[in-house]
Amino acid sequence: MNAATVIFLILATLLVISSLMVVFLRRVVHCAMALVTALLLIAILFISLQAPMVGVLQVMVYAGAIMVLFLFVIMFLNPGVLEQPSVAWWGLAAVLSVLLGAFLVPLFSQYEPGDNPVTSTELFGSPDVLAKSLFGEFVLPFEIASVLLLVAIIGAVVLAKREHGSDGAA
Amino acid sequence: MVSAEFSTVASGLLRWIPLIPLCATVLNLFWGRAWGNRTAGGLACAAVGASFAIALYLFWQLPANGVLRDPVYTWIESGLFKVNVAFQVDALTAAMLLIVTGIGFLIHIYSLGYMAHDEGFVRFFIYLNLFIFFMLLLVMADNLLLLFVGWEGVGLCSYLLIGFWYRDINNTIAGNKAFIVNRIGDFGFILGIFLLVTGLGRQGVWTLDFLELQKHTELLSPAMIGAITLLLFIGATGKSAQIPLFVWLPDAMAGPTPVSALIHAATMVTAGVYMTARLHFLFVLAPATLSLIAWIGAATAFFAATIALTQNDIKKVLAYSTISQLGYMFLAVGMAAFSAAIFHVFTHAFFKACLFLGSGSVIHALDGEQDMRKMGGLNSRMPTTYWTYLIATLAIAGAPFSAGFFSKDLILWEAFSRGAMILWGIGLITAGLTAFYMFRQLFMVFHGEFRGDDHAKAHLHESPAVMTFPLVILAIGSIFAGWVGAPEYLWGSRWEHWLQPMFGAVAAQESSVSTEVLVTVLTLAVVAVGFYWAYAKYGRAPAKGAPSAAEQGFLYRLSLNKYYIDEIYDYLIVRPFTGCSRFFAEFVDPRVIDGAVNGVAAIARGLSWVWCGLQTGNVQHYATGLLVGTLALLAYFLGQS
Amino acid sequence: MIVDLAIIAVKAFLVLFMVLNLAGVLGWVERKGSALIQDRIGANRASIFGFAGMGLVNTLIADPLKFLTKEDFIPPAGDKLLHTLAPCMALFPALVTFAVIPFGDVLILGDRVINLQVANLNVGILYVFAMGSLGVYGIVIGAWASNNKFSLLGGVRGSAQMISYEVAMGLSVMGVLMVYSTLDLQEIARDQGMLIRELLPAGAAFLQPVIGWLPAWGVFLQPLAFLLFFTAAVAETKRIPFDLPEGESELVAGYHVEYSGGKFLMFFAGESAEVVTAAALVTTLFFGGWQVPYLMRDGFHFPWGSIWLLPHLAVVILQVAAFTLKVLFFCWLQILLRWSVPRFRYDQVMRLGWKMMLPLALLNVVVTALIIVAAQ
Amino acid sequence: MVPLNYYLILSAIVFSIGVVGVLIRRNLIVVLMSIELMLNAVNLTFIAFARHLGSMAGQVAVFFVMAVAAAEAVIGLAIIISVFRQTRTLDPQNMQLLKW
């Protein structure tokens, strides 16, 4: 068990704990902060997997933009009431999800990594390599993604625009 | 046999002949009410007048034995089968063109006066123009399908115009009757077209073009031709009111009188004759059909004439006389004397239109009274109408040197010279009957003293000039129109020379002029007998008027009630048919069919309710469903590996 | 191995030390500067044992003492944990940003080549933005945790404002990245050592005598980007004229109404640290970073050809000094701004960000791209 | 060098936790956050495989997942806001109008 594995295990435990917090904490803001933590941990895992570009993007996009948006909305609506979970439903859902985990974990643990991983060069995961494949073979999906984002912007504007007469929350 | 095509400057004009009335129809349809009666009526008349002018021009342009063609565009093209919207004018079409547009023009003008006080004025002229359009389509079509379109179109217009005064239910019923009876005929007609297309198609010739058909007739087996011509003739009986489908025409008199004159006397009802003449190259190859046509024609002529003897409605008499004259025409067709048939169409158009318009003038004067027993002594009150009526009566009765004399005589001579003695006899007797009932009508209407009430007597008046002018023109026509077809022993027939080449050389009848003169004299004698009988019975002692049906004999009542044909049809055909359809409508459709459909729907709904419970509307439940499905798939694949 | 770690630790410590002290000094400079601008005597009361001289030193010691000895108040209805975490979240990103900012070229000690930069990321600039975006949390969480309407409003404003200006900021930098075609700040700094004449395409040779002698600094290549970036950076620091989240006049103190003592000090230090960060970024991206004009690794190479060789150590010292001076200049510039410009209205801030800076930045990107393509 | 399986198992666990959140939470915002968590678990798998197979495709895929996630979050939050304006609640159990 070398140092890398130890670090990974620490990160993994932290990640699992924080994601559990996301799901089981009762205050929405706490959930959001737990999720931010989880995202940062995942970003670190990315960087440790020789994907620095994606890792930093992860921090920028998720932690920097999306989660701030979540917080913004949470404060916008500021739902004071805490939810009352129904025990039976909890039980069913929990059992099902545990079942899912019970399916997936052994499946992945039995997965044969095949031959030893490709000894990647120093450049692997660097911005220009990513850019080359992104604007090379994946240029069409890239354009489509841009269209998707445009649609999302318009949709958000239309949805959140307060129509005349009715004054919404906040 | 004519197939030489001439495409002169004139041929470009062809399409405008039908198009102008159509344009008038559309314009009046949208803006007629806004423009008002005067403008709308003027527009309608002008349109038909323009068509008439073009028709005249083409008539002069038309080269001897020539054909003018104007292909507009390709209408249907499926595989080898190709149908154009194309117009053609040859001698036959030219004759029909002149009749349709000329008579139509006069009747339009007449209608201006006749319909002046009707609130449906604009609608009337819209229908009338539409009819002219379809009629021209019919006579100018260069293929059978386009002809059929016109055929159906005129049927539609006739229906619309018979039921023109739709507020009276009887008119609507009459319209329906005409339409339905025509459907029967048209069904036979379209079957005939199908048979023709497939019959030629099997031989590899996919066409309905008349010129093409004429070239390829030999491809068809005689039996096939017989069937085709028979079916087409059924269509003709429907449109031209022959036995057994003549019952609609008398009821069609419910329409306005100009309509009766134009559609149900001059033009539309002769469409059947035109069609047979147009397809003569088929009919001449089917002797059986021809003889059937001849017999049916003769029977119709006689039959209708006997009914006309006793009718008291002024227009009914004319209607039955029309049927009988049509019978003459088909007799000629049956004799394969197509030019004679068309000749009779030509002359008949003049005097029958004149008669109808005259009767219309009378009815107009008596505001709506049609019963001849309430008329009489009108000759002094409305002289123009009287004199024109008299001339037309003479013409139809076949008085010497009148239009009817030449044409009817020609037909009888054709029958005689072809040795069809029985048919000739029937025709001869019918001629006498014709003379009788026409003069009976003349005496009852115009002679003696007036039998109506004083109120009606008070405002008897001659019709306005706009109505009498066409009468005069038509009266002149009824005298001189026949002269173009004079027999050989007189100054000879230009008509024959002009039209005959269309139909190929007829078997030259070897018979001396003397016999022909003899036959003519015999005919005149019979006519004279008929005239005298009428004079004796109605002209001399008009005071007692028509005897009531009661003290008459059985034959009289039989004739008066039109041999109970309508009742017979009603019992034999209509009742069982309606009963059958009632059964289907009231039992089969609601119980069986709807039951099946609703049953299926009910089952589906019942099943769906079972599953509706699953749709809670809660997103998370759906998500759970997704998860369960995923688990199932995972389990399946894990189980496999 | 150990030595490398040691060197990294030393570099990290040095940078942290510098930044925090600079932040502290800024506090004093700010007071003095404001006093100067407002024509009054300021920050002359801090006396230790009656010794009031050396205002800087005194203030440096007195301020923290004052803050740390005050009561640390947590609003009872608030959220204890987050209320405590928030200041750290505010301070942390400002500090770690410096990890990727180069303060000098390589230092060669014997056979060991030391890169004068704490962490050499090949995605440095992105890292900077990532950290900058994390800065929002401090405000938002602090505002929410103190359960106070004013601070909540401040938090909402802050989050909205910072997100808006991050967009304009990132887009404005895009031009620079395209020019130097790298994300590595150290690389960017090195490229700015070139002269413009080395970049000029053959087509624009006639410009040689005019601007050919200029160093290829970002400000010369991307003037518009510099303006936009500087404005956005100032907005990111949430200082006047962009101090809507605090807005004393309408929100009392905005997101840190409920903060006092050490936690407020952390907010305060965080703000100062952000000022320094902004200055450092502007320097690195647009003013050659540690570059001294015409100073190569072995000495000065003037455009008119004459060469003045220098020992390596002197070169390194010159570079670090140059970097520090530039940073100080921009810090001073921001202070000048803060005390001489009135505050925007909130809608004005939003309009400026979205309707003026964003389109301009996009335009800049497009134009730059066109020029680059044309030059090739 | 950490074996690939570790990352896979970790992402599986995180994914399952996210599923739990989606199923049981009665606050739409948290549900949305759980979805983000699931997406990130998948991203982790992508990156791990990319590293293992030495192909950039995985990282590019993550790139696109991020784009989609951003769009999804924006639209989802907008919908949540407008729903909250109508019915002053975030509880999906109170939003059951959309059925037969």
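Read from first to last, the chains carry the letters A, B, C and D; within each, the first residue is number 1.
The definition used in the following text is that contacts are C-beta pairs under 8 Å (C-beta built on N, C-alpha and C of every residue); 3 or more make two chains touch, one makes a residue touch a chain.
On a predicted model such as this, the values are computed, not experimentally measured, just so you know.
J.: Closest chain to the protein's overall Cα mean, using per-chain Cα means, please.
T.: Smallest offset from the overall C-alpha mean is found for D.
J.: Could you please state the distance in Å, as a whole number, between where the Cα atoms of chain A are centred and where those of chain C are centred?
T.: 29
J.: When the C-alpha atoms of chain A and chain B are each averaged to a single point, how far apart are the two points in Å?
T.: 85
J.: Between chain A and chain D, what is the separation of their C-alpha centroids in Å?
T.: Chain centroid spacing, chain A to chain D, equals 6 Å.
J.: Go ahead and note the Å separation of the Cα centroids belonging to chain B and chain C.
T.: The answer is 101 Å.
J.: Can you list the chain A residues in contact with two or more other chains?
T.: 53, 57, 65, 69, 74, 76, 93, 96-97, 100, 104, 107
J.: On chain D, where are the residues touching two or more other chains?
T.: In chain D, residues 19, 23-24 touch at least two other chains, as defined above.
J.: Looking at the whole structure, which two-chain pairs count as touching?
T.: Chain-chain contacts present: A-B, A-C, A-D, B-D.
J.: Tell me, which parts of chain A touch chain D in their complex?
T.: Chain A reaches chain D through residues 2, 4-5, 8, 12, 15-16, 19-20, 22-23, 28, 31-32, 35, 38-39, 42, 45-46, 48-51, 53-54, 57-58, 61-62, 65-66, 69-70, 73-74, 76-77, 79, 83-85, 89-90, 93-94, 96-98, 100-101, 104-105, 107-109, 111, 113, 117-118, 120, 124-125, 129-130, 132-134, 138, 141-142, 145, 148-149, 151-153, 155-156, 159-160, 162, 166, 168-169.
J.: Write out the stretch or stretches of chain B touching chain A in their complex.
T.: It comes out as residues 620, 624, 627-628, 630-631, 634-635, 638.
J.: Using the touch definition up top, name the residues of chain A that touch chain C in the complex.
T.: It is residues 27, 29-30, 33, 36, 52-53, 56-57, 59-60, 63-65, 68-69, 71-72, 74-76, 78, 126-127 of chain A that touch chain C.
J.: With touch defined as at the start, can you tell me which chain C residues reach chain A in the complex?
T.: Residue positions touching the partner: 79, 82, 85, 121-123, 126-127, 129-134, 136-137, 140-141, 143-144, 152, 155-156, 159-160, 162-163, 166, 183.
J.: What residues on chain A touch chain B, complex-wise?
T.: Within the complex, chain A touches chain B at residues 92-93, 96-97, 99-100, 103-104, 107.
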